[in-house]
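Before anything else, here is the set of structures, which you'll find just below.
Next come two complexes built around chain A: one with chain B, the other with chain C.
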Partner chain A sequence: MKTQVAVLVTEPRPAARRRVPLLTTVGASLGLLVLLTIVIGPWLIGQDPYAIDIGNRFAGPGGAHWLGTDELGRDVASRIAYGARATALIAVGAVAIATAIAIPLGVLTGFLGGWVDLVVTRVVDLFFAIPSLLVAIGVIGLFGASVTTTVLALGLSYWPFYTRLIRSAVVGLRSRPNVDAARVLGASRLRVIRTEILTGLVPLVLVQTTVLLGFAILDEAALGFLGLGVQPPQASWGSRLAESREFILVHPELALVAGVPIVLAVFAMNLLSDSLRDRLDAKRTG
Partner chain B sequence: MLRYALGRVLLAVPLLFGLSVLSFVYVRLIPGDPVTAMLGVNSNPTVVAQLREQFGLDRPLPGQYGDWLAGVLRGDFGVSFRSQMPISTIIVDRIPATLQLAGAGLVVSLLIAIPAGVAAGMRPGSRLDSLITSATLFGLAVPAFFLGTLLMLLFALTLHLVPSQGYVPFADDPAQSLRLTLLPALTLGLAISPYLARLTRSAVVEVAQEPFVPFARAKGLAPRKISVGYVLRNALPSLVAALGLTVASLMAGSIVVEALFNWPGTGRLVTGAVTERDYAMVEALLLIYGGLFIVVNLVCELAQSLLDPRVRLT
Partner chain C sequence: MSGESLLSVRGLVKDFRERGFGPGRTAVRAVDDVSFDVYPGETLGLVGESGSGKTTIGRLIVRLEEPTAGRIELRGQDLRGLSGRRSLEFRRDVQMIFQNTQNAFNPRRTVRSVLSDPYQIHRLASGAELEERIGGLLRRVGLTTPMLDRYPQQFSGGQRQRLGIARALAVQPALVVADEPVSGLDVSVQAQVLNLFAELRRELGLAMLFISHDLRAVYFLCERIAVLYLGRLVEIGPRRTLLEDPVHPYTRALIGSIPAFRPGGGFTRTVIKGEISDSEPVKAGCHFAPRCARWRELGQPARCREERPLLRPAAGGGLAACHFAESSPRPLDGVAELAGGIG
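What follows is the complex of A and B.
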């Protein structure tokens, strides 16, 4: 009898059997590929990304060097795999900074309203008025180009738009019946925020995290390309672009190889965030 | 209308003022001071003191800000820490090149994004829609410099149809100038069109749900007439407003595209000023880019309210 009940409970609901959209599958597989590159790539390739071999510059793919060698004879594949780690760390750090600013500020302004909202929203608008890449470049101008400043610069360039988003979501959540119910039950403001508002933000934050991770990978690369991101010889996807840029007219294939992983990783993030958005939106209305 | 316009302008003024304070404070945030940062820690103290006096860095901050702002309002951004030339002269020199690139890029992106967005938005969920949506998701993932490298490789280095890099002022040699603009503009336009296509799609989807659309269909109007004459016309106000926000991607994109194609515009100035630690220049560029963004968005909002009077009421 007991086993029967267990069978009944574990049987998947019809909704869960819904076919997974093709694009979600593509996104998840690409994401997994990137994750594997980050975690086991360096070990799998087994080459030193910093070992210079001038006699073997610009070697084509094949042999020990899967993707050939760069302008200093370093192994391109391992530079990309190690670079993936640096880029991923930067992206995660930047998103963490933006989230750490945006959630408290957005909740505070959206929930409290009044003059706090008015003042903070004006400041947010001000920062929003500067294109985010320019904010990032400005921060790098202050502290000089490095891994840490890239994280800081990207994090600081995303918070205005993210805060706006959180604020308007909180304004929407605030007028929901569950918030009124919690208030009637005598919950304090802090408790209402914790149990009703923050939990209501989870879908939005999940979607935005994937969106911003994609942005951060793109912007790290753009900064690297401009020579303002991670500085060569340190490996990152951005610095790889900066290195290959000098040889763009003679050896454009190096720039192409440096760009492909960026495209794939960001495409994966875009697909995942889009399907996440669809799924979470459907849940909300259903 | 006048009251609405006045209200919008009044909202933009504190924003511009805040931006000027921000740009000003930015340079004063530099650890140490700009002159030492520029010359290095081991620079001659007398030279440092002399330069500080020349740039007015030895006076109290509010006074410095007042003078600086008064100068800015007259179009005088001070002198470049690097080249000692007036910043306004340097920037004005670069503006035609950037405008040429940005304008051409915007045209390219509109030509791609509007038809794609309308086609996708008219039938949400259709096969064409999912094709266009996945194309935009992919397009958003392709960095401008990667796209530019591909185009350069194909059209300049393999097919030899156009020169790979360089710039000639339009007034000097119009034909060559346009040939040189082709690749950078195509790169910038293609890089921005996914954003614009998505914005167009969502504006069109919203309008396509209005009851007048099935009515027009029932009346037997041609699909093209419905999508262009009815839906696009009604989506236009929100599109114009969205276009203002696209200017930010246009600015960011042109910084990268200019670097790739060796295009002597203001974007190169941004990168150069940060690399060379020319803080007076960075300050001026922050103010100009931010101010331009605010003003363009103001103009777009006003245009939106002209196209759709309902906006004025909200």
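What follows is the complex of A and C.
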């Protein structure tokens, strides 16, 4: 048999324009709207969210007050915009805490396996058995309600399930042949984690971050509504919801204005996490 | 084969325990007292059915698994308990090529990043020199440098296997363990990759342990062939002897199972009765006896059930582990056609 090596050359394909799914467009637009509200909303509206004007309570939309005024005559639009800042801060902080615990712990247990895995997983299971709202209420009961404790409370209620998620992903990644290949090349454990495990976690973490941000916005609102989150008069989407609740029968539009941003933001996060999930599937991208 | 052996495997045993804790878990003996040598520049074929332990032997040699018992020596040095720097040196000497080209690469890293690994881990090159050597490596296996910025999943199976070969050759190993390197590929691509192996072996003086269930690929590439059955070595010898004049009944059955086309249409082949899992774990005696045609022919002698056959010299320069090897009749003549049909 003649020894022949065929040189297989494939020309790089011209970058095909990918069609962006409609739901991705909707999610991205809503997300952008929320982001704009946070960044330039307060400046655009130009009203003090804490200025009380009792003579001008429950004013309808129009004039200087785009969305009218609340029960104390404060500008609703600017309270929503400033509230978006507080809520976003809480959501991002809570997700950051959960991620900071879950990734190191999940990678450690999933990669090492053995008794480390066994012990830590049981401890995580223990935390998992406590309802997350109970954890949140416990933390707030201990330290009092504020932005900081809400961040802490939500972060601490998310990490157990996130850790388990990361751990099971790492267990799957660890047994792939590319990890064997790295070991045969002489890569240290740290190098294997860096080059083979962490890179494989990127899509999961991105998707999970958006999912958790949606959860956190919703949970902040729930805690605020229960009076356990950010305390009035400080503006947040949760505290705004709590304030408007008292007047829901006489002025339902206040509750509506408080609730709609929450729905839109959570919807945006869910849409974005779905499209990220589709797009980051390693088998289809490159 | 003469001279210093490169790799020497002696009495290798590997047990896999059931998952769980404590005693009382049943152990499966995947590799059972296996000994062989690989000489510098030689390609040894390791063949056997699924579950015969051939992949486990490969993984033991590259130290992805630790042996339960036995010694693996490279140039006379025991590989157990190698630590730190010595272990890294060993990694430069022995490399592996994997079967599954899909999963042997991280889909999130470019070819450039993956092929940089060996040079970075062993501090062999960096910067412009690294770039140059990766480019050379890629051309060496028949790929081109513009492919460096692509991801593994953008390649075909054959191209990915070339990448696998490139990755293994980067550290200039003395021995490469190739675990079913062509089984996942199209037949036409198999031939290309086998040719590449033959060429590299000739040019680089590479020794290779070629693990495969494809007898034709093994015959094409290997100077010597070792046959495994249920974790035991049943026959080892020069390729011609083993394929044309095998003495062990299992080897004969294995070779007889290759369909041989006959002039005038139709083909013949012998089929081994039963499954590999039909044989219960045998403590004493021959593993193959329950499926052995020769054993039934001879009236099921008790010796095969009681005494473990050891490897001993057989006609043709090989070794075979069978009590009744000498008295075996000549194998089917289909084998000669197999030998003539390749090469």
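Please note the rule applied: the second predicted complex is superposed on the first by the 265 of 286 C-alpha atoms of A that agree within 3 Å, B and C clash if a C-alpha of one lies under 4 Å from a C-alpha of the other, contacts with A are read in each partner's own complex, and residues count from 1 in each chain.
The rule is short, and it goes like this: contacts are C-beta pairs under 8 Å (C-beta built on N, C-alpha and C of every residue); 3 or more make two chains touch, one makes a residue touch a chain.
Quick caveat: nothing in here was measured; it's all calculated off a predicted structure.
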TODO: Could you tell me if A:Ile97 is touching chain B, chain C, both of them or neither one (first, second, both, neither)?
DONE: neither
Open item on the list: In the overlaid three-chain picture, which partner chain does A:Val76 touch, first (chain B) or second (chain C), both, or neither?
Closed with: neither
- [ ] Look at A:Leu213 in the shared chain and tell me whether it touches chain B only, chain C only, both, or neither; answer first, second, both or neither.
- [x] neither
Task: Residues of chain A touched, compared between chain B and chain C (which is higher) - done: B
Task: First, second, both or neither for A:Ile38, with chain B first and chain C second - done: neither
Open item on the list: After the superposition on A, what does A:Gly186 contact: first (chain B), second (chain C), both or neither?
Closed with: second
- [ ] Quick one: classify A:Leu276 as touching chain B (first), chain C (second), both or neither.
- [x] neither
Open item on the list: Just checking: does A:Asn178 make contact with chain B only, chain C only, both, or neither of them? Give me first, second, both or neither.
Closed with: second
- [ ] With the two complexes superposed on chain A, say which partner A:Ala221 touches: chain B (first), chain C (second), both, or neither.
- [x] first
Task: Touching both chain C and chain B, counted on chain A across the two superposed complexes - done: none
TODO: Mind listing the chain A positions that touch chain B in their complex?
DONE: 23, 122-123, 125-126, 129-134, 137-138, 140-143, 214, 218, 221-222, 225-228, 241, 245, 248-249, 252, 255-256, 259, 262-267, 269-271, 274
TODO: Spell out the residues on chain B that touch chain A in their complex, using ranges where they run on.
DONE: 14-15, 18-19, 22, 26, 29-31, 130, 133-134, 137-138, 140-146, 149-150, 152-153, 157, 164-165, 248-249, 251-252, 255-256, 259-260, 270-271, 273-275, 277, 279, 282, 285-286, 289-290, 293-294
- [ ] Sort out for me which residues of chain A touch chain C in the complex.
- [x] 1, 3-10, 12, 176-178, 180-187, 191, 195-196, 199-200, 202, 282-283, 286
Task: Touching residues on chain C, where the partner in the complex is chain A - done: 59, 62, 64, 87-88, 91-92, 94-96, 98, 100, 103-109, 113, 117-118, 121-122, 142-144, 146-147, 150-151, 153-156, 158-159, 164, 167, 171, 191-192, 195-196, 198-199, 220, 342-343
